[in-house]
Amino acid sequence: MIILQITGAILVILGLVFFLGAAVGVVRFPDFYSRMHAAGKGDTLSTILMLLGIVCFLIADVPWAAVIHGDFSLLVEPILTSIKVLMIALLIMVTSPTSTHALMQAGYDSGIKPHLSEADDDSTPSDEETPTP
Amino acid sequence: MELFFKLAGMALFVLMLPIFYRLIAGPNAMDRILAVNVIGTKTTVLLVIIGMIFARVGMFVDFALAYALLNFIGSLAAARYYHQDRLRQERGAS
Amino acid sequence: MAPMKIVALITVIITGGLLLYATGDFPAWGDPLSPANNSALSRHYIEQSRVETAVPNLVTAVLADYRGYDTMFETVVVFVAGLAILAVLGQGTSRERAAIQRSAERYQERDMINIMTARLIVPVLQLFSLYVLAHGHYSPGGGFQGGVMFGASFILIALAGGLPEALSRLSIPGALLLAGLGVLLYGGTGLVCMMLGQNFLDYHILHRLLPATDAVMARYHAMLIVEIGVAFTVTAIMFIIYAALSSRGRMTGGL
Amino acid sequence: MEFIVNNFNYWIYVILMMIGLFAMIAKNNLIKKLVGMTIFQTAIILFYVSIGVKGEGATIPILSYEQVHGTHHVEEADHAGEDDSHHAQADLPEIDARTITNPIPHVLMLTAIVVGVATLGVALAISQRIFHFYGSLDEDVILAKIQKGDG
């Protein structure tokens, strides 16, 4: 079971590393769209990794010695909790990109200009559709 | 193991601080909503980690699930509001 | 600096200073022997509620049983708040509503990704809220939480597919009916207790009606009935608050 | 200094509460006043919940299975003979009240949050109505319009 714990610890630390990337991106990137990019990708991946690591710890915590001797009732609660944690990971996988998409759309529609290094002075993005009255 | 989760939770909290900076300093409202969304997603993980520390994950995972779902609805509502805001302004202008 | 800000600053500093001075008399952080934690009432709830109600979640036991009056009138407050919002914002004239409807149709291009995600999430959210409601005896949850989450599922439908879409699933009269039904369920439970010769909301007499073995289990089951009533009201009122506020009371358009 | 460190939780609530109070008094915009009211309310909720905390060893106010139904696992087989003489509740383990967080503040705040949401909804509805009526949410503008008598 020590292998599962080590895997879990590695996954949690990996998640923290990805979140560090997302945090640096959110602080350092120049405009809203690139910040959204960093946050959307790094946040989702790090959340899923950390939750998977926690699932590893939960499965490692089961008293396997008793389970092998036939006491399966001990298995119910950890498995249920693990399924719930995996459910959170699944939901984050679905909802986080959707909210990123919706925020991006809202940012575009509320008129936030992207930071274009060579064309800083003509600040309107070229492909902005003219609103239909 | 409890020590590991305490450290992981603290690291998660410390890494939220730069995002909190974006929440305070963000040049416009969309950046702030972005920061709130990221902090909300991370709070889900933080809740599960707190559950691991207290050894009552079965209870805390329910909060985390509810928080994840409601956080999604919250950021979607904020996004829809700003989406509509511009349309409303156009309607007022035209 | 505006004069109002100076007045506010002086007020805040004086009040805050007095409050901070008073914190010296407060119990230390996490003191198990502080007056609030060591009161006979609190100890009774912690030690006896498992014997008296068989509910492991002490918060649910205290909320729905020991403090039943409080929770009932909180439910009534929520109900009245929903009525007040509808009364304040009104329904708008039909001509105004038609104009809004036209402009809403023109301006609201619905996003496919949001709609698909909502289709995926809404069943999960509703199922989970029912779990939170029904499992409130054993895990954090109960009527308020489950009701808020069920209401949030309707809000998600309204956000993704437009307010008319959500109103076709739960109309405003339907929501009001649901809210009233919730309050009626709560009050009715108390009234039935009274008709059986006990005090209002004293559930243990219900073992004559419910298929429960004894007085303890009657309290256990009556708590679930009461929580369902709370959940009905909270669901309906959450949706009414969203629907009325997001469309300025016209019930069309929306976010 | 020791006075601050010992009571730092109360300092946080007081500071939050004062931020809310300042926003309620000083801001002209009605919505910002409502935001201040919500911060004020949050400070009170935090204060109440923190009152119920009982130090390091205490857990959430949900009893475990063994604490409610007694021990049914391995021990039951060992002590089956001597349990017969006791009352049915006798095998319930003792609960030390110091190991369970105080549930009363949680209950009070649970209802307070829901009622807070409801009253916030009413307040927002009224301010929406005011905006519809006067065309502004700024207090000065609204007062000027009321004094001029046009509505």
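Letters A, B, C and D name the chains as they come in the text, with residue numbers starting at 1 for each one.
Keep this in mind: a contact is a pair of C-beta atoms (placed from the backbone, for glycine too) under 8 Å apart; a residue touches a chain by one contact, two chains touch by 3 or more.
Not measured: the values here are computed from a predicted model.
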Whole-Å separation of chain centres (CA-atom averages), chain C against chain D: 14
Distance from chain C to chain B - Cα centre to Cα centre, in angstrom: 23
Centre distance in Å when chain B and chain D are each reduced to the mean of their C-alpha atoms: 20
Multi-chain contact residues (two or more partners), chain C: 114, 121, 124, 139-140
Of all residues in chain A, the ones touching two or more other chains: 91, 95, 98, 102, 105
For chain D, residues that touch 2 or more chains besides their own: 60, 62
Category of the chain touch graph - line, ring, star, complete, other: other
Touching chain combinations (by label order): A-B, A-C, B-C, B-D, C-D
Parts of chain A lying in touch with chain C, wherever the complex brings them together: 91, 94-95, 98, 101-102, 105
Chain B - residues contacting chain C, complex: 58-59, 62-63, 65-66, 69-70, 72-73, 76-77, 80-81, 84, 87, 91
Residues on chain B engaged by chain D in the complex (per definition of touch): 54, 56, 59
Chain B partner contacts - residues on chain D that touch it in the complex: 59-60, 62
Touching residues (chain side chain C, partner chain A) in the complex: 111, 113-114, 117, 120-121, 124
